[in-house]
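These notes open a run of structures that come right after.
The two complexes that follow have chain A in common; it is paired with chain B in the first and with chain C in the second.
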Partner chain A sequence: MSGYIEGILVILLLNIVFAYAVYWPLAAGQLNLGVAGFVGIGAYASAYASNEYGVPPYLASLGAALVTFAAAIIIAVPVLRTRGIYLALATFAFGQVLHSLFLNLDVVGGAAGYPVNAYIGIGGIATCALGVFLVTLFLDRTRFGLNMVAVHHDNAVSDLFGINVRLYQTLAFAIGAGIAGLGGGLYGHHFSYIEPQNYTILFSIFVVLFVLLGGTQTVFGPLLGAIFFTLLPEALRASEEWRYAIFAVLIIGTMILRPQGLFTVHEIRIFRRLFDRGTPPGRAHG
Partner chain B sequence: MLEQQLINGLMLGGIYVLVAVAFTLTIGILNFLNFSIPGVFMLAGVFTWVLLKAGVHWSLAVAGALAVGAAASLLVERCTYSWMRSSDHYVPLVSSMGFLILFENLVLVQWGSDLQRVVLPFSDLNIRYASLVVSIPQLLSLTLAVCLVVALRALLLKTQMGRALRAVAENATTAEILGVGVTRLVPAVFIIGGLFAALGGMLFALNYQQVHPYMGEEVALKGISAMVIGGMGNVWGAVLGGLLIGLTEVLSIHFFNADFVDFFVYGLLLVILFFKPTGLLGASKIVQEKF
Partner chain C sequence: MADVLCLEGISKSFGGLEVIKNLSFAVARGQRTALVGPNGAGKSTVFNLISGVYPVTAGRIRVNGRDITEVPSRLRMRCGVSRSFQNIRLVPHLSVLENVMIGQTPRISGPADILYPLRLVRGSRWQREALAALDRVGLAEFAGSQAHDLPYGVQKQIEIARALLGGADVLLLDEPAAGLNAQETEDLMARLESISGQGATIVVVEHNMQFVGALCGHVIVLDFGEKIAEGTPAEVRREPRVVEAYLGVNAA
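Let's turn to the complex of A and B:
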C-alpha cells in the first residue's frame, strides 16, 4: 500500500470515528458543537498516560475513551439542563473553554504542542473504527436504540411510556464523547504530535456538517458522510484549493434538496426490497 | 494602565455590539442562529482592505464593503431560510455554517490566508487626554453602535414595518394569514442583520488595520456570547453583552495573558447559560417561549 493511500485511509478511518462521536448525541436530538473539546481531552489524556507512565498506546486510547465518557457524564449535568439552540451554544462554549485550557496547560506543552512517543498504526485505527461502527450498529438494533429514537422524537411521550428520558440523553451525550476521546487518542498516537490548534470550533463544525450531509436517520449516514467528506476532496485534486469551497456548496445544496441527508430510511427500504425479491409476497417486509 | 484598558475594552465592545445585534435580530425574529454572520463580517473587512488597496476613496470603500455584506447576507437568505422554513430546527443552522466555510474559503482562494495590513488614508487618528489615548475610528464605532441600536429599537417599536416584524417574531404563520408580507420581510431582516455585521467587520478592519479569512470567527463568535449574555432577542441585551465581553477580554489580558481570553469569555457564557439562560436583561418573551 503506497504512503499516499495509507495516509488517506487513516484520515478516513479517524473521520468515521469522529462522525459517530457526533452521531450519538444527534440521534437523541442534541447538536454537539463541542466535539473538538472531547477529542482534545482524549488526545491529551492518552498522550500523557503513554508518555509519562509508559501505558501501552491502545490501552491509553481506550482509557481516554473511558475518561472522556466519565467527564461527559459530569458535564452533562449542567449542559443537558439546556435544550435546542441553547444546548448547541452551551456545547460550543464548552469546546471553546477547553481549547483555551489546552493552550494554557504547560504540563502538556501549551500552545507549542505536545509530542507523543508511542505509535499506533493503521491496523489499530481500522480495528477501533470498525469496533465503533459495529457497537453503534448493534445498539441501534436493540431496545436501547429504539428508546433513543423515541426520546429524539418526543420527550414527553417517551416519558409517559416509561423511558427514563434524562438517562438516555445523558448516555447519548457521554457515548458520543467517549468515542470522540477514543478518536483523539488514536489521532495523537498516529501522528505523534498534538497541539491545541487541532481542536477548534472549525473541527467541530466540519464533523457536524459531514455527518448531517450523510444523514442521521440511520447508522449508515455518518459512515457515508465521512467517506464523502474524505474522498471527495481527493477526487477533486485538480482544484485543490477549491476543495472546501466545493464541500460548502455541496452542504448548502444538500440542505436545500435533501435536508434529511444523503442516506435515509428510504434507501434502506430500497436495499431490503432488492434482497427480498426471492421471498413470497406475504413475507416481504420493509 | 487600567484606565486605558477599560477604554480599549469599551471600544472593542462596540464592535461586538454590532455583531451581537446582527445575531439577535435573526434569532429574535426568525428563530434562527445564523452562523454565516462571521462570514459576512469577514467579507466586509476584507473588501474594505481590497478597495482601499485599489486606491478607491475611503467613503466609496466603506460603502462598497457594506454593500458586499448586505448582498452576501441576502444570498444566505435566498439559499437557507427561504427554502427551509418547515424543516428540522438545525437545518438552516447547518446551511449557514456551510456559507461561513464557503465565504472563508473563497477569500482564501482569492487572497491567501496571510494577515493583510490595511493602510489607512488618514494620518494620526488619536485623541489624547492626559496619558489616555482614544482612537477616532474606535470612538466612532462605539457611538455608531449605540446610535444604530437606538434607531433599530425605534424601527421595531414605532414603524409599520417594526410592527410587522414583531408579528412575524411571535408567529410567522398567523402573521401571514393576517396579511403581513412575510416573504418580503424576511429578506429585510437579513439585509439589516447583514449591514450590522458588515459595519462591524469594516470598522474592525479600520480600527485594528488587519484582515484575514478567519477574522470573523474570532470576533463574531464572541458576538454570539454577547448576545446570549445580554439575553437572546433583546437588542439592549446585545449592547450590554457586547460591552461586557469587550471588558472581560481586555481585563483578562491585563491580569493574565492573551491565551486566557477565550477561557474567561466563554466561561462567562457557560455560567450564564447554566444559571440564567435568559441572559442578564432577559431574553425576549418570544425566544423564551420557543426554546
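Let's turn to the complex of A and C:
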C-alpha cells in the first residue's frame, strides 16, 4: 500500500470513529459541538498515560474512552439541562474551555504540543473503527436503540411509556464522548504528536457536518458521510484550485436534495426489498 | 375493591384558572366508560392528570386501590394505566411493529431485556407479542409499513395497540374514533368490545355520541371542568344540565 493511500485510509477510519462520536448524541436529539473537547481529553489522557506510565497504547486509548465517558456523565448534569440551540451553545462553550485548558496545561506541553512515543498503526485503528461501528449497529438493533429513537422523537410520550428520558439522553451523550475519547487516543498514538490546535470548534463542526449530511436516521448514515467527505476532496484533487468550491456546491446540493441525509430509512427499505424475497410477517410491506 | 380507577376530589388549576373542579368518579373493572362534554370541558386534561402529564392541584387518584397521585408519570403505566393521544404521537419513520414495541417498555426488567436485539431477531417473543397486539386491533397486515405512510384512522388504532402492550388494566383512549369512517368505526367498536371482554377497563374521550351510546354503559359528562351528569347513556341524555351544556339554555 502506498504511503498516500494509507494516509487517506487512516484519516477515513479516524473520521468514521469521530462520526459515531457525534452520531450518538444526535440520535438522542442533541447537537454536540464540543466533540473536539472530548477528543482532546482522550488524546491527552492516553498520551500522558503511555508516555509517563508506560501504559500500552491500546490500553491507554480504551482507558481514555472510559475517562471521557465518565467525564461526559458529569458534564451532562449541567449541559443537558439545556435544549436545542442552547444545548449546542453549551457544548460549544465546553469545547472552548477545554481548548484553552490544553493551551495552558504545561505538563502536556501547552501551546507547543505534546509528542507521543508509542505508536498505533493502521491495523489497530481499523480494528477500533470496526468495533465502534459494530457496537453502534448492535445497540441500534436492541430495545436500547429503539427507545433512543423514541426519546429523540417525543420526550413526553417516551416518558409516559416508561422510558427514563434523562438517563437515555445522558447515556447517548456519554457514549458519544467515550467514542470521541477513543478516537483521540488513536489519533495521538498514530500521528505521534498532538497540539491544542487540533481540537478546535472547526473540528467539531466538520464532523457534525458530515454526519448530518450522511444522515442520522440510520446507523449507516455517519459511515457514508465519513467516507463521502474524506474521499471526495481527494477525488477532486485533479482540479486543485476549484476543489473546495466544487466540494461546497456538492454539500449545498446534498442539503437541498437530501435534507434527511444521504442514507435514510427509505434506502434501508429499498435494500430490504431487493435482498429479502422471502418476506416473514412484520417485514413484508414497504 | 371492584373499582379499578378512582378519582377523589380532583382539582387542577393552571395559574388562576381552575380547569377541573372537585371531580370524583369511579370506574369498575371491565366497565366501558365515556368521558364526554363540549370542547374545553377538560376531558383531555383529566387523562393528562391520570397519566401524570400534569400534577393535580388537589385530590387523589387510585388505580387498583393504590394511590398513584404522587407516582411520577414514567412509572404510572406500571401501576396499571395506559393511554393513547388525541393527536397522533407515533414515530413516523419507524415501522408500525417498532412503534408498538415501544409500548412494551413498562414490562422490561433488567439489562438483558434492554440489550436484547429485538430489531434484529425475527420472530422473537417481543415481536410475536407485538404482532398479536396489532392483530387484536386488526392491523397485523401493516406491521412492516412505516407509520407515516398510513391513513390517520389507522395510525390512531396503532396507538391503541401500543397502549395495549404495556399490560395495563385501564386503557385511556383519547378520541379513538376521530377520523374513522362508518365502517371503521363499527370495526373499532367490535374490537374495543372484545378487548374489554378480555378483562381490560376502557375509558374513552369521544365526541361521537352514537359511538359512545353503543360502546359504553357508563357516561360521565363534564362541562367547564365540573361533572354535570353521570349514568347510562340514556340517563345522561335526559339530564337538563346536559342538554343545556350542549344546546344552550333556551333548548333546556
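Everything below uses one rule, namely that the second predicted complex is superposed on the first by the 270 of 286 C-alpha atoms of A that agree within 3 Å, B and C clash if a C-alpha of one lies under 4 Å from a C-alpha of the other, contacts with A are read in each partner's own complex, and residues count from 1 in each chain.
What we mean here is this: contacts are C-beta pairs under 8 Å (C-beta built on N, C-alpha and C of every residue); 3 or more make two chains touch, one makes a residue touch a chain.
Not measured: the values here are computed from a predicted model.
Once chain A of one complex is fitted onto chain A of the other, the partner contacts of A:I85 are limited to chain B, with no touch recorded for chain C.
Once chain A of one complex is fitted onto chain A of the other, the partner contacts of A:V249 are limited to chain B, with no touch recorded for chain C. When the two structures are aligned on the shared chain, A:R143 is found in touch with chain C, with no touch to chain B. Touch criterion met: A:L202 reaches chain B, while chain C stays clear of it.
In the superposition on chain A, A:R273 contacts neither chain B nor chain C.
With both structures placed on the common chain, the touch criterion links A:R258 to neither chain B nor chain C.
Put simply, chain C touches chain A in their complex at residues 51-53, 73-78, 83, 85, 89, 91-95, 97-98, 101-106, 108, 113-120, 122-123, 126-127, 130-131, 140-146, 162, 166.
Contact residues of chain B toward chain A in the complex are 27, 33, 35, 79-80, 83-84, 87-95, 97-102, 104-106, 108-109, 217, 221, 224-225, 228, 259-263, 265-267, 269-270, 273-274, 277, 291. Those residues of chain A that touch chain B in the shared complex are 31, 78, 81-86, 88-90, 92-94, 96-97, 99-101, 103-104, 110-111, 201-202, 205-206, 208-209, 212, 241-242, 244-245, 247-249, 251-252, 255-256, 259-260. Contacts from chain A toward chain C in the complex involve residues 138-147, 149-150, 153-154, 156-165, 217, 264-265, 269, 279-286.
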